[in-house]
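Here you go, one structure.
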Amino acid sequence: MNTNVKRILESVEKGEMTSDEALLLLKSAPFEDLGYAKIDYHRSIRQGVPEVIYGAGKTPDQIKGILSSMIENGQDNILITRLSKEAAAKIAKSFDITYYTDARIACYGETPAPDGIGKIVVATGGTSDIPVAEEAAITAERFGNKVVRLYDVGVAGLHRLLAHKEEIMTASVIIAIAGMEGALASVIGGLADCPVIAVPTSVGYGAAFEGLSALLSMLNSCASGVSVVNIDNGFGAAYQASMINHMEAKS
Amino acid sequence: MNTNVKRILESVEKGEMTSDEALLLLKSAPFEDLGYAKIDYHRSIRQGVPEVIYGAGKTPDQIKGILSSMIENGQDNILITRLSKEAAAKIAKSFDITYYTDARIACYGETPAPDGIGKIVVATGGTSDIPVAEEAAITAERFGNKVVRLYDVGVAGLHRLLAHKEEIMTASVIIAIAGMEGALASVIGGLADCPVIAVPTSVGYGAAFEGLSALLSMLNSCASGVSVVNIDNGFGAAYQASMINHMEAKS
Amino acid sequence: MNTNVKRILESVEKGEMTSDEALLLLKSAPFEDLGYAKIDYHRSIRQGVPEVIYGAGKTPDQIKGILSSMIENGQDNILITRLSKEAAAKIAKSFDITYYTDARIACYGETPAPDGIGKIVVATGGTSDIPVAEEAAITAERFGNKVVRLYDVGVAGLHRLLAHKEEIMTASVIIAIAGMEGALASVIGGLADCPVIAVPTSVGYGAAFEGLSALLSMLNSCASGVSVVNIDNGFGAAYQASMINHMEAKS
Amino acid sequence: MNTNVKRILESVEKGEMTSDEALLLLKSAPFEDLGYAKIDYHRSIRQGVPEVIYGAGKTPDQIKGILSSMIENGQDNILITRLSKEAAAKIAKSFDITYYTDARIACYGETPAPDGIGKIVVATGGTSDIPVAEEAAITAERFGNKVVRLYDVGVAGLHRLLAHKEEIMTASVIIAIAGMEGALASVIGGLADCPVIAVPTSVGYGAAFEGLSALLSMLNSCASGVSVVNIDNGFGAAYQASMINHMEAKS
Amino acid sequence: MNTNVKRILESVEKGEMTSDEALLLLKSAPFEDLGYAKIDYHRSIRQGVPEVIYGAGKTPDQIKGILSSMIENGQDNILITRLSKEAAAKIAKSFDITYYTDARIACYGETPAPDGIGKIVVATGGTSDIPVAEEAAITAERFGNKVVRLYDVGVAGLHRLLAHKEEIMTASVIIAIAGMEGALASVIGGLADCPVIAVPTSVGYGAAFEGLSALLSMLNSCASGVSVVNIDNGFGAAYQASMINHMEAKS
Amino acid sequence: MNTNVKRILESVEKGEMTSDEALLLLKSAPFEDLGYAKIDYHRSIRQGVPEVIYGAGKTPDQIKGILSSMIENGQDNILITRLSKEAAAKIAKSFDITYYTDARIACYGETPAPDGIGKIVVATGGTSDIPVAEEAAITAERFGNKVVRLYDVGVAGLHRLLAHKEEIMTASVIIAIAGMEGALASVIGGLADCPVIAVPTSVGYGAAFEGLSALLSMLNSCASGVSVVNIDNGFGAAYQASMINHMEAKS
Amino acid sequence: MNTNVKRILESVEKGEMTSDEALLLLKSAPFEDLGYAKIDYHRSIRQGVPEVIYGAGKTPDQIKGILSSMIENGQDNILITRLSKEAAAKIAKSFDITYYTDARIACYGETPAPDGIGKIVVATGGTSDIPVAEEAAITAERFGNKVVRLYDVGVAGLHRLLAHKEEIMTASVIIAIAGMEGALASVIGGLADCPVIAVPTSVGYGAAFEGLSALLSMLNSCASGVSVVNIDNGFGAAYQASMINHMEAKS
Amino acid sequence: MNTNVKRILESVEKGEMTSDEALLLLKSAPFEDLGYAKIDYHRSIRQGVPEVIYGAGKTPDQIKGILSSMIENGQDNILITRLSKEAAAKIAKSFDITYYTDARIACYGETPAPDGIGKIVVATGGTSDIPVAEEAAITAERFGNKVVRLYDVGVAGLHRLLAHKEEIMTASVIIAIAGMEGALASVIGGLADCPVIAVPTSVGYGAAFEGLSALLSMLNSCASGVSVVNIDNGFGAAYQASMINHMEAKS
């Protein structure tokens, strides 16, 4: 119950307002003022957590408008995801942003110092999965996490993966990214002792069916401790991974 | 590198074994002796974490055999999941187990005291989702977590869910379980500020397609911080939730 | 904003309660007391509208418990849908219900007199669709609608349908129920001048794919004014049809 | 039975025609003259209801031809749906049309004054759903309905939706438009007390499968009173919504 | 235009009826009396063509009722398809029927002498397809066709099929029935010089997906002159084959 | 058995060749010379039946090469299907072809006089189906059939279809072409008394799923006498229709 | 060209037959006599290769009939696959067969001594895959192969698989059998240096979709040298593996 | 266990290193040094086996980098698959490569002399399948196999296939490539006596569903000895075929 409600109640208490007037006011007050929900689901709760603008389907001008408004409201750490190189170039004329080509993310403000429990490992099956992986990695870094990148460690060359068992065994959270048969999640899930968030990618052809094969494979993982996000959703995986990697900050 | 390897090396050091003999021994040693992987992915790493037997497709006799072997090895906290009532009755004649009908889980040994960061909320959209929810809840409890059950809080009656905003806002992890349209995960994901693990269920008929509708819905959640496990996989959700709820124990 | 809130405000107004105490009370009051949502989405808003219990997956005892509670709360018009003959027989021993075998619905209380704008036509493509049609028809009648049944008027024998053009042209709402190729909805949609709610059924074999063929067909109807509900969902169609047929009662 | 038939019968009565000649004439008379079906399913039955031209796949010249013919026949309220900006520009050279870019609809003639029972609420889950929503909104307005737009009220930020509970509770019909997980229909269906027509959109990526996920989700809605139209079919939803909102005009 | 209409017109001609009275009569006359559609789509147009009762989902008593009515109306050649052995036994107590176990068809009346252009070949890939083939063969025979059965001539043993090239080359129509990969239709389509109607069957396992694989295969046949009916629809194939085999009787 | 084989046998008979030499020759002779199969499955068996070149995926030069070869072999009636306007223009520089834009077919040689039993009706649900219909119509005409075109007679405006009952009732074969819900096949199948070949089209959007909805709908037709070809396969339907319409020529 | 043809030619040579008579004879000669195809695709070409009877859908009596006929023809090594325990018991009363319960295979005659190049490894992901694996293993053994069984070596416990690297590295062919996510094929494919035949199994639940997930996963294997057979098709995998393991015997 | 481990053990044996130091060294040694997996799954094991670069999604510069590195390491037989003509042209400026347009493969170094057991037959159903076939054929040749191409031998013109029975009967391995209904694999599987690797192609339209139809068809092949690779995966088929054709080299 926020100050608005409190102020209304005080007015009633002081006799400045009747109970009927108060009832009316409470009724018409915007819901978010009552605190039943987060005003903005991207709003920073901890220090250093950025606002996020989903860039896909927005014009550079729309994005610039939102950016302005956010900056005016004092936000100094902003991510724009799924942003094309062209749109980023236009926005960069007005705002001091850093653009990550592979990740297709633009960032406003400084990358915060990592303040999580441990490190997030971002692993991919192949090199074609790297754009999704970079979306995850940059997101995780901007949310205050130390990130270890293990790219091209697909299960068909097991030695490549096993050569990094140290990183896998000591990770706080692992984001396992793979297209085609998506087996990486299960193999990592079997090696690791931490939550694994699997990201199927639309990499592949034929019976890969735009990521469906990897998605089903990951959902059926025989390893415990693996959950899955949408195809190519590097951001979503990193968002949840960051939540997990900041668990101790909560209680 | 475990004691076996160490002992071999010591034998070489002491001259009790040639390097060639040692090489042969190392080569034929069971891989798990080298420590490159977890010997048993269900093995207790923290105190109180149970062994798990996947009961589906195993005969009561097979399960009894595995139980005996585990108990002999000193394991005193064992879960048998996906176990029919009939099979449980047969096993109960030889072993001191507690059987949870809804969850279809049998437990050997005491439920450990909760030692996680916070509490795990297990929420369902309807009453038909309760068996999956109980599989999750019992699993979570046996893995050392405090569990809050919020059943039948589906989004078609939003007030039922909102009446429990307190539990949702203060949870450490939330397991959102729903069949049919699976919207619960998104609504909870929007309200909560912790990782949400969504479990689609095979509840429903017609275009529910045995859980496919809920699965797709959850994968497409517009709320950040939501990941998904297989249809009806209450155990898997609880396993990962417990990992997350014990994050601080790690670093 | 309901009386509870009003009473709290009045207490503050009268000085019987401080604003802080009121704030605390408001905060802990059950959400439904604030009126932001319907307390019970099945609650009667107009006279004569029944409560509905979804019978599938509930034991006779559970249903009897819910029935008792509803009757105690003064509800005198109750529908139990998707109820097996056996369960109905058990319930009938304790409650004065009428069971409709085809519809698999049990009713408690009297069927109300029709009070809608006009009549609801329930049409089926074949005789195998009748159980779904009866679920719709009985539901519509219990919600206070006049129902006209046009069964077995599938498009392969167009004369059967055209012989009933009168009923179709003068209907208030039409529920078009068909399996297999589901063409009935389009043909009726083309003839009628009122909303048509299409219900695909799981009738058929082979490429009918349990109703998927009819579902897709109905969603792609080239006739305007057709919307679709889930496969075999006679209840859902009738519920919305009744809402439409009672439109004038609203404003 | 129309005047043609009457005139033939009168000729027989007057002895101007033998029964055999009449039989032949009746046999070859165009079916629509017999009145068994609506001559034109888009024909205005009430005043102010527009003709509709489905623009997709028609050349500007074809559309201009149809427009000319309709205007000559005295039609003064015409909608052209699914019309590209380029085609609209070409048509605008010859006809006095208004083009709505988002809705991709061109209108000829004045928007009629609203004459429905109440107002139609058009709600969307996100901003990307707005084109479909505008197709629905413009259509509804041109069919004589008062429209309230509630855009970007997706369930992941529940407060945004709940802030508009007033509009939702007092709507005559609600068109709920959403892509991705399509949960909006269920949440609105639970809050509202009027028919809800759900429109899945092809917005999203990966497991959204071009709108399939939202479609299945909406068909499985646990809220009663929800029906569904084809993916992206804003026009179809508005057409039925208008029918419902004009129910009292019928009987 | 049938005698009813003719009689009405004659009455007007004779002055026994006014044109208004006639108009009213015509309007209320059952549509089928006007001859715009076949009164009964199974009605015999040629001599010897049987009525068909689809037995699935009908009780023995219902079937007996329909049989009685048909026989009373002078029908002496009746097929009951998809009839279980048990139901047939019950019906056989009251009616003189012949039951074909494999085909699951009961026949009333004599098999007519073949009167088609040529012979219909019914070919199957394997022995498991025989029930569907017999449904086709018995149907074709009862519709007045000479039938040649070529069973178990699947493409994996091409010599079996080629040994029957004579029958294939001289057939009037061929019904190609196969499950699994459904290649039979293409191979026969390439060899034959007559229409081939392909029937996918639900025979097979795994990726046969209940006939879907064979269905898709047959629809994609690279041989010209092949069309397809629903999975397991032996009756439908035979019905069309018989139409084709009686083409000369028409013009 | 063709002249080649005959000539070999005659040489043996005349003593010009030993049986061993003949055996060798027969063994190495191209299989098609033995007559076990049609040399060319498109080869004219009756007079006036054209050769067909499937144009998709062939370069203009490749097509010109095949054309030359066919013409040299005395073929004077050739169809090139699925040919783009651009490719046709290039071919037209060297060959005297007629190009049908809608049908995307180029023809070499004269259209033969119709010599079938009756006429083939080509009907479409909408105007967008016309390209597929024209592929069917032109093909049928070039194979020696009289064709009646009934375009835009979709079931949502039944009067349009019923106005053409005469053509439908007197057709020899009907090709029913429709996208979206594909109901046309069933309605025509119910009205007509001849074989109906249904062609689903990829017309539509959303849940039309590129013709899948219409395909399933047509396969499930409740009307007897309907078979189906691949999505958009106007050629295949016309090819089989022509076979049927020339049935009497065979026996 | 076989002796029949030779004899015909000789008759012509000797003047015992005219060339026309010979032409007629050649035309009507059964195709298989010409040797263009294998007379029986299961016929033993090498010594020791068994005949196979596919038991599913055959009655014990039918199987006994086929067995008798085969034995009379001198076949002394026969496999009956997909045979239920009950059917096997009935057959065992008349024939001296060995029944393998897990594999659901009955064998008549002695298991031949292995005569392949090397050994076939049959590996499974879990214990539930064992029935499919045993079908493969028994088949392979009866076709003259040495078989090494590696069961329950799923990728979630990599050490279990790696402990058997010796067998994997030295195998002649590997049959990799797994349900759920089917990752085993890729991991083994990456480790091995021989052909890997992957068999998806219908083991699993939910998004395993009866083996579809494993099937897609295996088809998309990122490891080279992996091919796939139908879900649960242990026999097919073993049949091809045996062919490969006997390659040297061919040339 | 490789020389590294051996050297460590020898050091311990010689007293140059303590067992603890050795333990530490073993622990940190790169996994690949232990030989548990192939260092590079494309590495030449036999002479003449090329390295393979998967060109799709790599820039010409990236490919040039990899090429340089491989050549420096002494590799003189390199394949670049899925390489566009444009990329090949750029690479050809710096490296002496041969580019195969149909196959979209570039080769560096000489094609090795065939050294397999026999010959690999590459067969296609149609001409549109040739690019996939050439990918297979070139790959097979570069891996040291004699290749026989049988193109356009689809089952609709069986004589074309049977004319090549000699090649089919004497092949060592057959790669059967087909789109649409994919029946080629079954027919060849029935004729041949060697392993058949089936490659579905994305050739076709409508219900071909981008190769899905052919894929399912091939998986369900009724012929034994057929396995399947991913849609359009000519390389994968050739890779496994080459393994099989070099079987004797192994043992």
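Each chain carries a letter (A, B, C, D, E, F, G and H) given by its place in the written order, and its residues are counted from 1.
One rule holds in what follows: a contact is a pair of C-beta atoms (placed from the backbone, for glycine too) under 8 Å apart; a residue touches a chain by one contact, two chains touch by 3 or more.
Small disclaimer: the values here were computed from a predicted structure and weren't measured.
Interface comparison, F-G versus A-G: the higher number of contacting C-beta pairs is recorded for A-G.
Residue-number overlap of contact pairs with B-C passes half for only one option from F-G, C-E or A-B: C-E.
Distance from the subunit A centre to the subunit C centre is 41 Å, each centre being the mean of its Cα atoms.
The geometric centre of subunit B is 50 Å away from that of subunit D, both derived from CA atoms. Averaged C-alpha coordinates put the centre of subunit B at 55 Å from the centre of subunit E. Annotation for subunit G: residues 31, 36-38, 41, 156-158, 162, 165, 190-191, 206-208, 212, 215, 219-220, 223-224, 230-231 touch two or more other chains. Looking at the complex, you find that subunit H touches subunit A at residues 30-32, 36-41, 56-58, 200, 202, 210-212, 215, 230-233.
Residues of subunit C touching subunit E in their complex: 127-128, 156-160, 162-163, 165, 203, 205-208. Listed in rising order, the residues of subunit B touching subunit A in the complex are 36-38, 41-42, 45, 52, 117-118, 162, 165, 172, 190-191, 193-195, 197, 215, 219-220, 223-231, 235-237, 239-240, 243-245, 247-248, 250-251. Residues 1, 5-6, 9-10, 12-13, 15, 18-20, 22-23, 26-27, 31, 36 of subunit D touch subunit E in their complex.
Here subunit H touches subunit E in the complex through residues 125-126, 154-158, 179-183, 185-187, 189-191, 204, 206-209, 212-214, 216-224, going by the rule given at the top.
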